[in-house]
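I have a structure I would like to understand better, so I am pasting it below and will then ask my questions one at a time.
Chain naming follows the written order as A, B, C and D, and within any one chain the residues start at number 1.
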Amino acid sequence: MSDIEIGGAKRARRTWGFDDIAIVPHRRTRDPEDVNTSWSIDAYKFDIPVIGAPMDSVMSPQTAIELGRLGGLGVLNLEGLWTRYENPTPYFEELSRKETSHARLQQIYMEPIKSELIAARLAEIREAGVIVAGSLSPKAVNEHYETVLKAGVDIFVIRGTTVSAEHVSSSGEPLNLKKFIYELDVPVIVGGVAAYTPALHLMRTGAAGVLVGFGGGAASSTRTTLGIRVPMASAVSDVAAARRDYLDESGGRYVHVIADGGLGTSGDMVKAFACGADALMLGSTLASASEAPGGGYHWGTESQHPDLPRGKRVWVGENGPLEQVLFGPAHSADGTANLIGALKRSMATTGYSDLKEFQRVDVVIAPPATSPSKEEPDPLNG
Amino acid sequence: MSDIEIGGAKRARRTWGFDDIAIVPHRRTRDPEDVNTSWSIDAYKFDIPVIGAPMDSVMSPQTAIELGRLGGLGVLNLEGLWTRYENPTPYFEELSRKETSHARLQQIYMEPIKSELIAARLAEIREAGVIVAGSLSPKAVNEHYETVLKAGVDIFVIRGTTVSAEHVSSSGEPLNLKKFIYELDVPVIVGGVAAYTPALHLMRTGAAGVLVGFGGGAASSTRTTLGIRVPMASAVSDVAAARRDYLDESGGRYVHVIADGGLGTSGDMVKAFACGADALMLGSTLASASEAPGGGYHWGTESQHPDLPRGKRVWVGENGPLEQVLFGPAHSADGTANLIGALKRSMATTGYSDLKEFQRVDVVIAPPATSPSKEEPDPLNG
Amino acid sequence: MSDIEIGGAKRARRTWGFDDIAIVPHRRTRDPEDVNTSWSIDAYKFDIPVIGAPMDSVMSPQTAIELGRLGGLGVLNLEGLWTRYENPTPYFEELSRKETSHARLQQIYMEPIKSELIAARLAEIREAGVIVAGSLSPKAVNEHYETVLKAGVDIFVIRGTTVSAEHVSSSGEPLNLKKFIYELDVPVIVGGVAAYTPALHLMRTGAAGVLVGFGGGAASSTRTTLGIRVPMASAVSDVAAARRDYLDESGGRYVHVIADGGLGTSGDMVKAFACGADALMLGSTLASASEAPGGGYHWGTESQHPDLPRGKRVWVGENGPLEQVLFGPAHSADGTANLIGALKRSMATTGYSDLKEFQRVDVVIAPPATSPSKEEPDPLNG
Amino acid sequence: MSDIEIGGAKRARRTWGFDDIAIVPHRRTRDPEDVNTSWSIDAYKFDIPVIGAPMDSVMSPQTAIELGRLGGLGVLNLEGLWTRYENPTPYFEELSRKETSHARLQQIYMEPIKSELIAARLAEIREAGVIVAGSLSPKAVNEHYETVLKAGVDIFVIRGTTVSAEHVSSSGEPLNLKKFIYELDVPVIVGGVAAYTPALHLMRTGAAGVLVGFGGGAASSTRTTLGIRVPMASAVSDVAAARRDYLDESGGRYVHVIADGGLGTSGDMVKAFACGADALMLGSTLASASEAPGGGYHWGTESQHPDLPRGKRVWVGENGPLEQVLFGPAHSADGTANLIGALKRSMATTGYSDLKEFQRVDVVIAPPATSPSKEEPDPLNG
């Protein structure tokens, strides 16, 4: 594993991102129409393997409903503007203006969370008849999870930059994930995690799914501020290895691996499955839908930290309605529209017909060219 | 082969592009005048190993004729504007204007293909006395090939992003390549393909030549949209290995390996031969000839897809008449003019006198410098 | 070690910079509040592992005092403007104007050093009640160290681009480091050094700490002018290996390893500890504090050389008061503010509670993406 | 050697450029004043290991004389403007104007070479009392060398993009290098060459020195046009290995290895010696001297080719008089001034005192950072 010497006192292994790899067709091709992209977690089945990231710029109650109707799963951030403000609209408007400072963003998020708004927002989603999912950060679980359970969720998500099975704290009782999940009667998805051993420990807590990545994706600067990063291709593949080993260890419990971050194009998404993902949690690509609450801007929960923000507000633009982003038609070739169509075509081109089989597709290491390349040309510049 | 660990659940091999390699002179040099660049496929012999890509921005009936007269082979795209419109000129004009949207490009290509235009365009080429070649995508072969055969072609090309020997479809009978090629009485060139095993299977269908690459070259975004890519140096070399092994397996059938994509400079073209190519299918470099139909713009067939375009229209500029692009004189040193002169000089400098021998030339892995380099300087900036 | 062939006559080993690596969380997390960042050298204990670099753009007597009060150690350059000019203010003002030429910078530093100013500046720091440290270059030690000792320092720093245990000179008696350190009664920190063997020799001179790097950091061009460089991750790790081996050889003398250079973000700083550093000497990040003498500009001692400057004046901007740079709150996520908060959070996220343990944290080789990446996006561009 | 698989039909070895490596200090340092940079070839001794490249933008009779007086060797291109025109000044003026086209450059060089001008230019250099050296391309040797010998040179240079020991031609008798060198009574320097075997063959012709590289350096586009390239660190090291093996094979003949290309900064030059060079042929750095004939522009002989130019005219700017470029003082830190001072300081910093010993200095593989780096910052941007 750690086969490379950094220096006399440190060894490391090489890791790889989605940009570093590509998938390779084999001897058989298939019609895209014959490809199945459904997946299931616990009792819930979805037509498309897309989970909307619980970020204010991505999921509102309305976009969660819309994503549910389109066959995916929307997850509402229960520590976002919707549970802090009765009427969050003015704050969204402010955050979709270019000149709004990061300090102002931090200030807007200082408003306390209200239990009654958690209940109201989840009820709104439930009334629409789609599967209901909400997320809390590990720190907020103890305070708010009873409110959440009373309001009712079908799937519960615990999402932080890094979530471990064993949090140590000298101040108060930390969240005991294993006990918590055992006592809960809804499936729990938990993460981020990015390596084999911590993923295996998370699986042992009884989680139904684990999020691979450090959250935030396009809007994250965890690497610059904290020095922490595992490129996504290696992270997903390592956690998939933990899934395989835990399946054996547990005598058959299959924990779903959900890639969360680094998924800016349909090509990246295809590669996540090729590395072993069962589903995707999407942020920036859904934030660019015309219904998205961010109005073309995108920011993560870690950007809100009052003292140490580890993310920024980024411009992702507008790519048409959510339905078009997912199912086309696309009128550009930059990998940000008709995401499901691209996934189906890629699976068909390599001869696969379902997502689980597609995890076996051949990949090669093929970093993008460093010089202006003929294979990956500049956009129209005439 | 797959000797690198991406993560616990995935291994891969390292692959290389033309940009990553360079050829190395050896102990002998030669006069460029003594170098022979001819090649043959089936009964047809060509002075230069250049095939014009069947793309609307590259090959019209007139440029196919011109390329044939200059010693190469022009292939007309039989699903392009020339077979959709009696008079395609207004559409070409529209597509050579910067402001034309991609949605408009998709719309223009929704016009149905007319059998009588297929016949007329091929007849026009035949009347000029050059070798006649036309191309169809795999999907269109069943519908149009009889028209093509009736009109008469010397060489038939089946070209798609990825073509396999075994296409599986639940709707209707898919193209059975082996049967189709067996029954045809003209040599067939088929592709793209980019790895050893699928290439070997394609060769077993009886193809006279295989196209290496995923089509589209400069105008392609297959990597971004589908996650699919094999860098061209590795792809050509792997398919050349399949040619060698199939030559043995078949007791002497030599299937020609034709590099198709990533060939933006004469230096790239030289490297394609060094990796084992027998000939080149050129797109962007020929699209920059002053006769080219695209008027300085270049786009591929996959850019036309109504729902999921996997390519864009790119500006390639104008580099003088086709004859000058191929044979000089060049008045710049950027590798886009006097392509054949550059190939001859490179072969001479490394001591080789024909293309087949030149496949043995030494190459090194020599990625371009990532920092502003003294070896590869910026253009005139004073 | 030197396992890679450059060519038939030269072998080399691969080395790595902080940019090439990242740290990885493990199975346990922790509260940032429970993390301890203190370190000690000789009898002196510091709350934070930050040493202000002896560069005129970073440390004045006043900023050295301020850094001491905040828990770190300020080191005054005793060959800078403060010991050359009774009133250096006009020269600082000149050097904080964009249009000032490098030739003028060289000229300003031609003014001789005055012994009485060395004494006065050190006295000013001592009167403030903080730990007093001053630095000289190896060349200047013989001439000025008695003045320094008479004035009184708690910690003495000898800092040059490269300092070896054995300097050979045909003109006059060179500095005998071993004898000098033996006779001195204050702890000595000495460097730069960047490889195992020279670090081991420096440790044998009796130094209390060694500086890893070639000085100057952001303002250095040693690589371009002299061809000399060791990327910092490998350099720190190699010197940490020398510390470990010298600890055994000496029967228990622990020489502190201080990273000096390449530390432009909190993420870089975290990685320095992960590679084995005990403390950091910071330049550009402290030069961007609003109290810093450079007024937003930063330059190193090697930039002053009259004939062969190996550094330039660079713009580092202003990031708020020194206290905010070190302890936040941060209002951006670029790794230049709340440096200690980021260090604590990174240690907590990976489950560590003190700096010495944190040297064992897992790292991976994870170079930044070469193409515009989704994981490390562009700043706000909407 | 060729240990990396490009694909099934091709293997290659990894090669390295000067940008990829860096030199590392060891346990001893030295005073720059104690360093000796002299070298000898045949009976001629030079204080500095600098040969002026025979390019019109670098060497005129006057600059060749000036370089000789400063301790180096100037080589006049005997196929340049000085031997084509009685008064070349108007043509130099034209080529130092930005708007002059490449086609016009090609046209200017169509004027025939005059024997009497060869004689006159060499006589002018000889009268100044410095060592006289002139160069011809391999093609021109047969026609002009008797003129050259009659005029008298001390050192004869044969320089082309690639020169081999065995040139094959169907038209006329090619140059037999071995016979030619044997019959000549002056030492011959010949190149470019870039790999072990062709270098060994060149050494066996009796050459006193070989040029490593493909000529042209900053002004060359051999890679883009011909696909030919060997990064300079590997090329120099391979040819140095040939020197070592030929020394044994020949029973003691030491053939000098002269790096020619990729030497844009003093850091690059230092690395050339570290890889085994005995001396340097400099182009762009000398072309930036204020006396240089190119007036801030630089172009190589291969840019003159009427049909296939493999180089362009590039702007290199003006860095002060030749003496200052070589010996300082430098007022910038970009590695383009005080070249010899930088070489001496680098040798001193790593503990060496003469060039032959310095070939043993430790190097590491340390590619420049691909992201905006703290170690190699942008220039002043405040």
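In the analysis below, contacts are C-beta pairs under 8 Å (C-beta built on N, C-alpha and C of every residue); 3 or more make two chains touch, one makes a residue touch a chain.
These numbers were taken from a predicted model, which means no experiment stands behind them.
By the document's definition of touch, subunit A and subunit B have no common neighbour.
Both subunit B and subunit D derive from one sequence, and where they touch, under half of the residue numbers involved are common to the two copies. Note: the chain lying farthest from subunit D is A, by mean C-alpha position. Between subunit B and subunit C, the centres computed from C-alpha atoms are 55 Å apart. Centre-to-centre, using mean CA coordinates, subunit C is 39 Å away from subunit D.
Residue positions 13-15, 234, 265, 268, 368, 370, 376 of subunit A are each in touch with at least two other chains.
Contact annotation for chain pairs lists A-B, A-C, B-D, C-D, with touch applied as defined.
By the touch rule above, subunit A contacts subunit C in their complex via residues 4-10, 12-15, 17, 19, 98, 101-103, 106, 161-171, 174, 193-195, 197-198, 201, 217-221, 223-232, 234, 261-265, 268, 284, 296-297, 303, 306-315, 317, 367-368, 370, 376. Partner subunit A is touched in their complex by these residues of subunit C: 1, 13-16, 18, 21-31, 33-34, 196, 233-244, 265-271, 274-276, 328-335, 338, 341-342, 345-346, 349-351, 359, 362-366, 368-371, 373-382.
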